[in-house]
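One structure is given here, and the rest of the page talks about it.
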Amino acid sequence: RFGLGYNEANGDAGGEDTALISRFRLNIDADAYTDGGVQFSARVRLQADDDPEINEQNSATLNGARFSAIYQGFRLDVGNVSGAFDASDAYFGFEPGLEAFTGQYAAVDYDFLEYSSTGSGANAVAAFYTGPNFLVGGSYDPDEVTGNDRWDISAQYTFADAYTLYVGYGENDNDQSLLIGVLTADFDRFTVNAFLGDEDLNLAPGAEDTDGTVYGLSAGFDVGTATQIVASYGSGSGDADTEAYAVGFVHDLGGGVALKGGIGSEGPRNGSSSTVGDLGVLFNF
Amino acid sequence: RFGLGYNEANGDAGGEDTALISRFRLNIDADAYTDGGVQFSARVRLQADDDPEINEQNSATLNGARFSAIYQGFRLDVGNVSGAFDASDAYFGFEPGLEAFTGQYAAVDYDFLEYSSTGSGANAVAAFYTGPNFLVGGSYDPDEVTGNDRWDISAQYTFADAYTLYVGYGENDNDQSLLIGVLTADFDRFTVNAFLGDEDLNLAPGAEDTDGTVYGLSAGFDVGTATQIVASYGSGSGDADTEAYAVGFVHDLGGGVALKGGIGSEGPRNGSSSTVGDLGVLFNF
Amino acid sequence: RFGLGYNEANGDAGGEDTALISRFRLNIDADAYTDGGVQFSARVRLQADDDPEINEQNSATLNGARFSAIYQGFRLDVGNVSGAFDASDAYFGFEPGLEAFTGQYAAVDYDFLEYSSTGSGANAVAAFYTGPNFLVGGSYDPDEVTGNDRWDISAQYTFADAYTLYVGYGENDNDQSLLIGVLTADFDRFTVNAFLGDEDLNLAPGAEDTDGTVYGLSAGFDVGTATQIVASYGSGSGDADTEAYAVGFVHDLGGGVALKGGIGSEGPRNGSSSTVGDLGVLFNF
């Protein structure tokens, strides 16, 4: 994907507010199937990113490998894996912009287990089970270096063919935790996510207040057959929590190519916000 | 490609004059086509090079990505791109040797925008239009870090089915510029390029004189159906300009494999020159 | 491949004794064939490894390239190559465990030319000739930086359809040398290797004694059609030589997937040994 990005805060900080933005991502996947029907997979990702603060780009890099054993609805991931928040579409909702620069989760500060596209990632274990209208999962990431082990679990249930409820919970050995619930309602051309949660960051006295309730909304509306308008809003109860909103669009050009863009605002809830926006082309191959 | 390389100057500098030379280059290309017929492409190059001064080799690396939008004769490149000199065959002419170790451009010192095979490259924009017998192009490379933006433009025209005239011009924010003209004449088995230009490097007082007129010649002659003899000469009017000449051959072994080699001399125009040469096999896959 | 590894010595040294272990290895091969029937090949390996001492994993890396010219039974390798020991199956014998963590060669300390999977490797030359029941090979690795050139040669002969004798010899400019002989006997479901050699490490006075005779045994036994039991033992005459033994198994799950595991003990011959073991899944794709 490539395009133009605008970030007022980068410019204010002495860098460039407008930059050529781009990302090249190639998944290198390998699969093998036992006679008993178990699928073993491995993935390494090759990714090249831009560096928008100085309007330059970086060389492509390889990340840490993820290994999977998959049997019917069950999936075990080992290595550089996604945890129970990161693996969930409901957690992220609709993210406006070519770069999906914000979303309903904007105020969340808890550091849950995420797949790393450009680094070695964790050496963790995650397991997921997908049933006819539900999904459960969990992960455990031992951290030998700092001793800060973390784990998370989630469950998702779809009912009445239109509503999906997701609940996720994670905590780590630093006495931090995150509880998130997302209710998704999916009507014909309109889909909306309501996002509500609570995080306990075990903040040191005098630290910036980013703790407490987090909440957000995101929605998508199909305009005609090839265009979708998306919007998101996220904030939290902490005085220093990030508050962000944005609106964007996706226009399908066919053949795996889409024109995407968005514009919004982000900043501390009780501070000055800055404008962000981008516009460009995303293509899958 | 791999073979043996000889460089007298490396030996004189305390390194190795003879080394096993090699290069592995793999382009990772990705393409998508919109319903409207626009092609979007992305390329990352994986390359492993030798380090002939110590006769060792380096691990393979990935470079910065190039993104392209192509529609009929028009091409837009973004990211790690070639500028209007680098994208032109006429500028380079015939380059003798397995490693194309010299060419008619030997005395050019201006640093124009080039595609980087092993680094992140520029984050620039280049556009080209190819017509029935002409080609125009240009590039712009903003450099936020040092403030030395640069741009270049070129035009090429083929006439009488045998002659091609190329003119390129580039300048940067350091008040440096380069103007190059190349006339190519293509007769049945013999092709010759005449290269003439002028560069203004805005040299500091007392700096080595590498400024002024640059000139060169290169030619290729087909001996039989599978063998070509190539030669090049390049020099300039500056006292410290590089002067280099070489002769080489290419022998096609079929299946994308060619035996290539060359021998020549290079050094400052008013100084001592040293011998360079190589011999080896190039194969495409 | 991925699984669980146990290494008592890592735990004793303040690290982790048990770790998630994994390796992702992808060979990027390129081939071209001349009209005369010569095959030219190049290989770069992409590999991601774990870091079991801290139970984390590393990002994938690219290694140095290997270039080959192959014509009938003759093969010439240039660049990051395997020498005459490294290229031989007989030298390695059966190596128990998912990670092949030990083998009959456990006491060998001589540093012969090896293919590097994660580094740039040597810039060396190796040649091999394979006949109907024999194989000869040799390599030469010039080292310009430290001046420690090294070379090795080997010959292997199969007789009576069941016995294979391998002899390899290597030396370097530091007056170190290694001579190894391996006799392999292959009976229906049972294969055994006897390993005997001598190394001269030109040790400094007072250095730990790892010199002298090296010896070992390894064997494999097929239990049914899909399972093999393997075992190895290696030791040497030096007081500080490593002594290691292990037993393991391989169970084929079909489709290129195998369950592998092993357990053993290793340590200095006259010192305390520690337990090592692993269990996991290997899959080829």
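Quick notes on this structure:
Here the chain labels run A, B and C in written order, and each chain numbers its own residues starting at 1.
Basically, a residue touches a chain if its C-beta (ideal position, glycine included) is under 8 Å from a C-beta of that chain, and two chains touch if they have at least 3 such contacts.
Here the structure is a predicted model, which is why all the values come from computation and not from measurement.
Annotation: the chain A:chain B pair of sequence copies touches via predominantly different residues, less than half of the used numbers being shared.
Annotation, chain B versus chain C: rotation angle of 120 degrees from the Cα superposition, expressed as a multiple of 5. A straight line joining the Cα centres of chain A and chain B is 43 Å long.
Across the assembly, chain C contributes residues 61-62 that each touch 2 or more other chains.
Looking at the complex, you find that chain C touches chain A at residues 2, 15-16, 19-20, 22-24, 26, 46, 48, 50-51, 54-62, 253-257, 281, 283-285. In the complex of the two chains, the chain A residues touching chain C come out as 28, 30-36, 38, 40, 42, 44, 61-65, 67, 69, 78-80, 119-123, 125, 142, 144-145.
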